[in-house]
Amino acid sequence: MAKIGVFICHCGENVGAKVDCTKLAAALGDHPGVAVSVEYKYFCSDPGQESVKKAIRDNNLTGVVVAACSPRMHEATFRKACAEAGLNPYLCEIANIREQCSWVHTDKDLATEKAMDITRSMVEKVKRNNKLQPIEVPVTRRALVIGGGIAGIQAALDIANAGQDVVLVEREPSLGGHMAQLSETFPTLDCSQCIMTPRMVEAAQHPKIRLLTYSEIESVDGYIGNFTVRVRMKSRYVDIDKCTGCGDCITKCPAKKISSEFDCSLGKRTAIYTPFAQSVPNIPVIDKANCIYFKNGKCKICAKTCQCDAINFDMPDTFVDLEVGAIVVATGFQVQNNSLYGEYGYGKYPDVINGLQFERLASASGPTAGKIMRPSDGAEPQTVVFIQCAGSRDPSKGVRYCSKICCMYTAKHAMLYAHKVHDGKTHIFYMDIRAAGKGYDEFSRRAIEEDEAAYIRGRVSKVWQENGKLMVRGVDTLLGKPVEIAADMVVLATAIVAQPDAKEFAKTIGIGYDEYGFYNEAHLKLRPVESSTAGVFLAGACQSPKDIPDSVAQASATASKVLALFSKDKLEREPVVATNNEVTCAGCWGCVLACPYNAIEKKDIVDRSGRVIKRVASINPGLCQGCGTCVTFCRSNSIDLAGFTEKQIFAEVMGL
Amino acid sequence: MKIVARHDEAPGVKTLRLEFQEPAEHEYFKKTYRTGMFGLYGVYGEGESTFCVASPETRKDYIECTFRQSGRVTSALANADIGDLITFRGPYGNRFPIEDFHGKNLLFISGGIALPPTRSVIWSCLDQREKFGKVTIVYGARTVADLVYKHELEEWQERSDVDLVLTVDPGGESPDWKHRVGFVPTVLEEAAPSPDNCIAVICGPPIMIKFTLISLKKLGFDEANVYTTLENRMKCGVGKCGRCNVGSVYVCKEGPVFTAAEVSRMPAADL
Amino acid sequence: MSEPFEPKIIAFVCTYCTYAGADLAGTSRLKYAPNVRIIRLPCTGRISPMFILKALQKGADGVLISGCHPGDCHFTHGNYHARRRWMVFRALLDFIGIPPERVKYSWISAAEGVKFAEFINSVTNDIRKLGPFEQYSQLIEQTQAPASL
Amino acid sequence: MTKILFSDKLDKCVERWKSAGLTVMGPVQRANIKTYAAVEHASEFDFGLILTDRSIKDLFFPQTEPMLRYTIKKDAINTDECLPPREQRIIFGARACDASGMAIDDPLFGWDYKDEYWFQRRNESVIVTIACTNADEFCMCTSLKMAPDSTKGSDVLLRPLENSKGWQVEELTERGREAFKTIADLLQEGSDTAAPVAAVAEKFDLDACVAWLQNPENFDSKFWKEISMRCIGCASCTYLCPTCHCFDIQDEGDTYSGIRRKNWDSCSFALFTLHTSGHNPRSTQSARWRQRIMHKFNYFPSKFNANSCSGCGRCSRECPVDMGITETLQEISKLSQ
Amino acid sequence: MSIEEQYRKRAMELLSGGAVKMVIGYGRGSNAERRRPVFISSPEEVNRLVLDEACIANLSGYLVNEGLLSDEKRVAVFLRPEGIRAINILAAESQLDAEQIVIFGFDVSGNEVKALKGIHVEEFEDVIGAIKEHAPEMGNEELLEKIEQMNPQERFAFWKEEFAKCIKCYACRQACPMCYCRRCIVDSNQPQWVNTSSHSLGNFEWNIVRAFHLSGRCVECGNCDRACPVNIPLRLINHRMAQEVLKSFDHFAGMSKTQEPVLASFKKDDSETFIL
């Protein structure tokens, strides 16, 4: 039937000392289907490999088993040698008689017997090996970056600067994300806008970047190298080509009392607006829900004001279909809603605010032009209490994990406050101070030592209003005493959580997410910027809470992954992938659910008239990573995995 | 039996030439084998599979079989190499009454992988060409690649005493295909010789047989002069296991060769 | 008395963790019982209950299944799927009367060469104590004769 | 005066037969199943059963049996044919329907190639049938023109005494006489009367059914689809049937050795006739049920001169969806009126 | 009006109005105890429908007969709660579109037949939820208890004797609504995982594999048990496996038509006490 060559390597004394290689070669020589069975000192050496090649050619071998060290050592070596001799490399297997036999056993007879079993079993497998060809997947050299915060911008710029096309999609009217909202950034206290705005502009003007703001991803199909993405461009009611960004319409808009999302409700905006002054693109949108014309059918003041005739109340949403080869997901985070903590009075007392709101108060371009004022009466707070871990590390009400950035930004807030209100007092309730990072601990020490932030280790149990003050009751666990502070303002270091639609969105693009809605990396340690879906990469806080340096680093890492992917016309993949027998498939879709890579799709089988006669599973070799979980799940035994087929494993067991 | 030659006919289709190892078995085969009979070819550990003996009764030094690799046994047979041993049980079944064809014109009609049984009859006749009248062969397959015995088709094409009509199904032609395009029954109606003094032998998938019989009838062939061979699923080969039954007929014993008249008495739906 | 009983054990392991762990046991020159034959698979997710049945048919007195620790799967969650499958299959075998001691499951990482060697030794010892799986070999023996009640 | 075997002597008879080298078999209840099996003592027999769940076919044509063992070596394959173990048997207390079932299949196993597995067991077995005095609503031997005391296929027929103390003995064949010689001294002459045989109502008109089946027009009748609509396609009817005889041949083993086996197979299964090409002559369950009925009452008789049905009624009795030959032939009877 | 009459009337209305093309129900059987499946497709035939305490078979398996639902027309079917659960699983496993199924729900307690309210499978979630909380007696509790008490050797011996009776007629598979595969794994012969022969080993393998394939999917309708011509207590194994998935994964098969198959899903904190 088959003509298998068995090559038994002594590995010097490593195998030979404990396995009787001569006996092994003789035994295998008698095995059905074995045409050649020889031993040699070192098959991995050049002459050794040459002898394997010669044996393949001389005997027209249909398969090769090298009984030697672990396949993790030299499988690639011998497969290459086979290929050079004209034998499909996947017809070569390694019988591990060193690491798993000669090195671990002391009795030579028993070790030899075991080596025989291992090798015979492998011969039986090889008899059923199929010639496999590496899978080639064409690659569309265009990347899609989803999310226009710092991570998305960084990834887009890195990819674009390497000469590849990028489409950058942002769902808000402007690029910028959360970073644009920040006042100064730790640990250097440089102005966020000052470092952010130039990057936004650079991205918008980059010839290789196509910017789609106020746009959302509708659907993602395809697989690595070959995604088809549909983007919905939400109607701005402002013609982006005509608008000059003069801002007259904004000034004239009569609906002025709309709470500003960008300012975290601390400021107001109009119905036609840009989120902030430095918006990119600097084109306003009409907020349909609050626009007087859309509500009452009358107004159109903006349209009358506009000198370029850019306002169009009938503008529909439009769709853009994109072909892209890689996707970078940089969809960011949101802050947790603090009204979960009724005892802190968030939402009840206007002067209890969250960290992001404090950023807006402290921001020079914020609603108070950088002056720290209480939201309730505009007075300058003299005593401010910061409560850390307001949501983080709290399994009972909040989230179990550490939000990572709060320790640092609270320290920063204390410093900013001290710099602005010189005689103000700050008290910070904390659990631990986590200040790991370059310059971070020094930074937080500065808050304590130079800016006199009073850190109190302990939790706050209650905040209430009394005599125009916010009474904060907590406990100082170091002193073991209850503390009560009369404050003018309370700032909660709110937990960072996933975007509200993170899970839905993950399903749209077909990536995994954890229980919190943060996106799963392919491997926490070794593949931290790849999602579980080939060709989809993760940057920034959508994967887990991150500060700016980490987000930027990860974004650049995704860019390098994308660029590596784009470095070839075609992607070559190991052909260890699953295939499905569509005739016997019952279409139960268990495999679709079980597949960790979303590599299995439902496929309609139609007859000549186009009528669907049945639905079966169809495995996309571009996405399949070859784990074989689907094979085991398949009750009708319709799926199989190349390289580890049912026949091969059956034969391995039966050959033992 | 030992495999002495192996030939790829078409994608997934192979021919094996087998030689007897046991003289007694060979003697028995020589004594009993007549064209039309079948055998069970086996590989221990996998089982047995039934196909016709594709070599003619005029060449009994060996057995040739042609099969498509599809199941467990045929996969094992397809992987078998020259020098390997396989088993043969047979020959079983009835035969084409070739003596009755003497002096007559012959029309062979075949489709796809069903050429082997026809080929056995064709060579049995061509090997004693003088005993027969005009020989016409109509052979079709789905695509050019699916045609089997490509060498022999060429040989027949060359011969002046054989009319070979080749066809492939519409869409199955290659750019350099010089023969016909169309389904066998249609082509047959254009290319068939006169039914007078003519014996027709057809072999093909059930659907082809069905339509070819209609065409032959249209052409004026008498059912008694049309022969076919049924390729039913078989296991025992000796009229016991029951799966080859069509009506009251045990195809393995009373067939596989039947006249169209006999076939028409069988329940058509069970064919 | 004849020689002490030496069990035949067949193991199915994933290539990324346990197989690598077994290699580490080798490179560390740890010594363990030579009774186990290893079949390498890409992932524990690929290990089908059928493998266990076929190992028993081949006369295995014990079967081992091993892969990556939860969270460490190279394929992100093949081992989670496998764990559920084993939970169910194990209960089934137990109910049918195939003693759970004969089919053992473990998580062994690529770094756990020592655990691998210890695992092999302890399982080999346990099964040696249990003795040959006679009830199953009788099933196999009976296939030699025509079926009868 | 007739020869009588009294029940109280039966245990002695069993011992006698055993010491004469015979395996004594008969109807028993074991592990919640009624079947024919070997016994050590007469007390194990259960003659109160109307019929065993499984048929006597099991003893002649087991559900699986080795045909040949093979060992695969590098350059040769050694084979070793296995015939059934030699074993002289007496099957005591068979039912007439079961015994006749074996006789019905003899010609099939005997035409052309003689099936050694079948005939060795047939030749080594003595079937002692006990006429039925009880029947249930599924029994239909009379509809098949047989009777609870038919002798077809039996070597000895026993008729239960009215007083339930034993059986009248009627030796039918040489083999039967031979077996009873061993116990001749345990038999007595007596005038005890035999109990009347069970009254089994005729359920259908067999001749009319056969005529209907033989009419080619009825092959494509929509009747087949209607009658078999609820058929789930299992093989319980065929496997419990004493006359159903289809089988499969399968190789089983590992890399080094194995057994080629003969296993029951069933025309109920779609795979039974599936061609390699994917074409299936009997692709629907109704076509398969039609085949079963046609085979039993039309095709088989045309070849072997007997219906391939002995009227045991097991197909109807055990059908998971309450189908069976009885219902089908009753319906055909109605159609043919 | 008795429930039988009510349902006949409803069947008549549905059929004559064309709302359903067929009603699958029970009819009289070959003796007083037996009921057989009937397929009613014209209003005139509705009187053949019988509904009483002898109607026990789960008829849901007929719905996946090839071609029955492919015209997208509706089919009505008489179902006990187990049958309704089966519909949920078949829908969850994409074997049918639950929208096409009109349910004539009923349950039997003692000699009393109760109508279950609802037409669409979603409407029965409370009924199913109640069964999850309080499983009805199966009548095999005593045997189950006995087997649980045995040691492995005794259990093996018990099942060996039971499986020895198996003749591989596949009545269990054919009667089971969950065994809808076009090709069963036993019929897959490359490789032949399950020995097809009906010998001691082959019977063990077959019954183990079937029980595994039904784990987390069996609705315990008992079709297999009743179909088995050699009286193997098949339901017992499937019941034991249902207990296992309920205990280990809080999975009760057939809760809803969107329920994820228990073996195609997982939780990171699934129990793993048995893994060393």
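Structure notes:
Residue numbering begins at 1 within each chain, and the chains themselves are lettered A, B, C, D and E in the order written.
Here, a residue touches a chain if its C-beta (ideal position, glycine included) is under 8 Å from a C-beta of that chain, and two chains touch if they have at least 3 such contacts.
Please read all numbers here as calculations on a predicted model, not as lab measurements.
Annotation of chain B and chain E: jointly contacted by A, D, touch as defined at the top.
Relative to the C-alpha centre of chain A, the farthest chain centre belongs to D. Spacing of chain A relative to chain B, judged by their CA centroids, is 61 angstrom.
A separation of 39 Å divides the Cα centre of chain B from that of chain D.
Work out the mean CA point of chain A and of chain E, and you get 43 Å between them. Taken residue by residue, chain E touches two or more other chains at 164-165, 190, 192-193, 195, 197-199, 202, 263-265, whereas all remaining positions touch fewer. Among the residues of chain C, those touching two or more other chains are numbered 54, 57-58, 71, 77, 81, 85, 143, 147, 149. In chain B, the positions touching at least two other chains are 71. Inter-chain contacts occur between A-B, A-C, A-D, A-E, B-D, B-E, C-D, C-E, D-E. Chain B makes touch with chain A in their complex at residues 76, 79-81, 84. The residues of chain D lying in touch with chain E in their complex are 31-33, 35, 53-54, 63-64, 137-138, 229-230, 232-236, 238-240, 248, 250, 252, 261, 263-264, 266, 269, 271, 316, 318, 320-324, 326-327. Within the complex formed with chain B, the residues of chain A that make contact are 1-3, 62.
Contacts from chain A toward chain D in the complex involve residues 30-34, 120, 124, 651, 654-655.
Interface residues of chain B facing chain D in the complex, by the touch rule stated above, are 44-48, 68, 70-71, 74, 85, 113, 205-207, 231-233, 235-236, 238-243, 245-248, 253, 267, 269-271.
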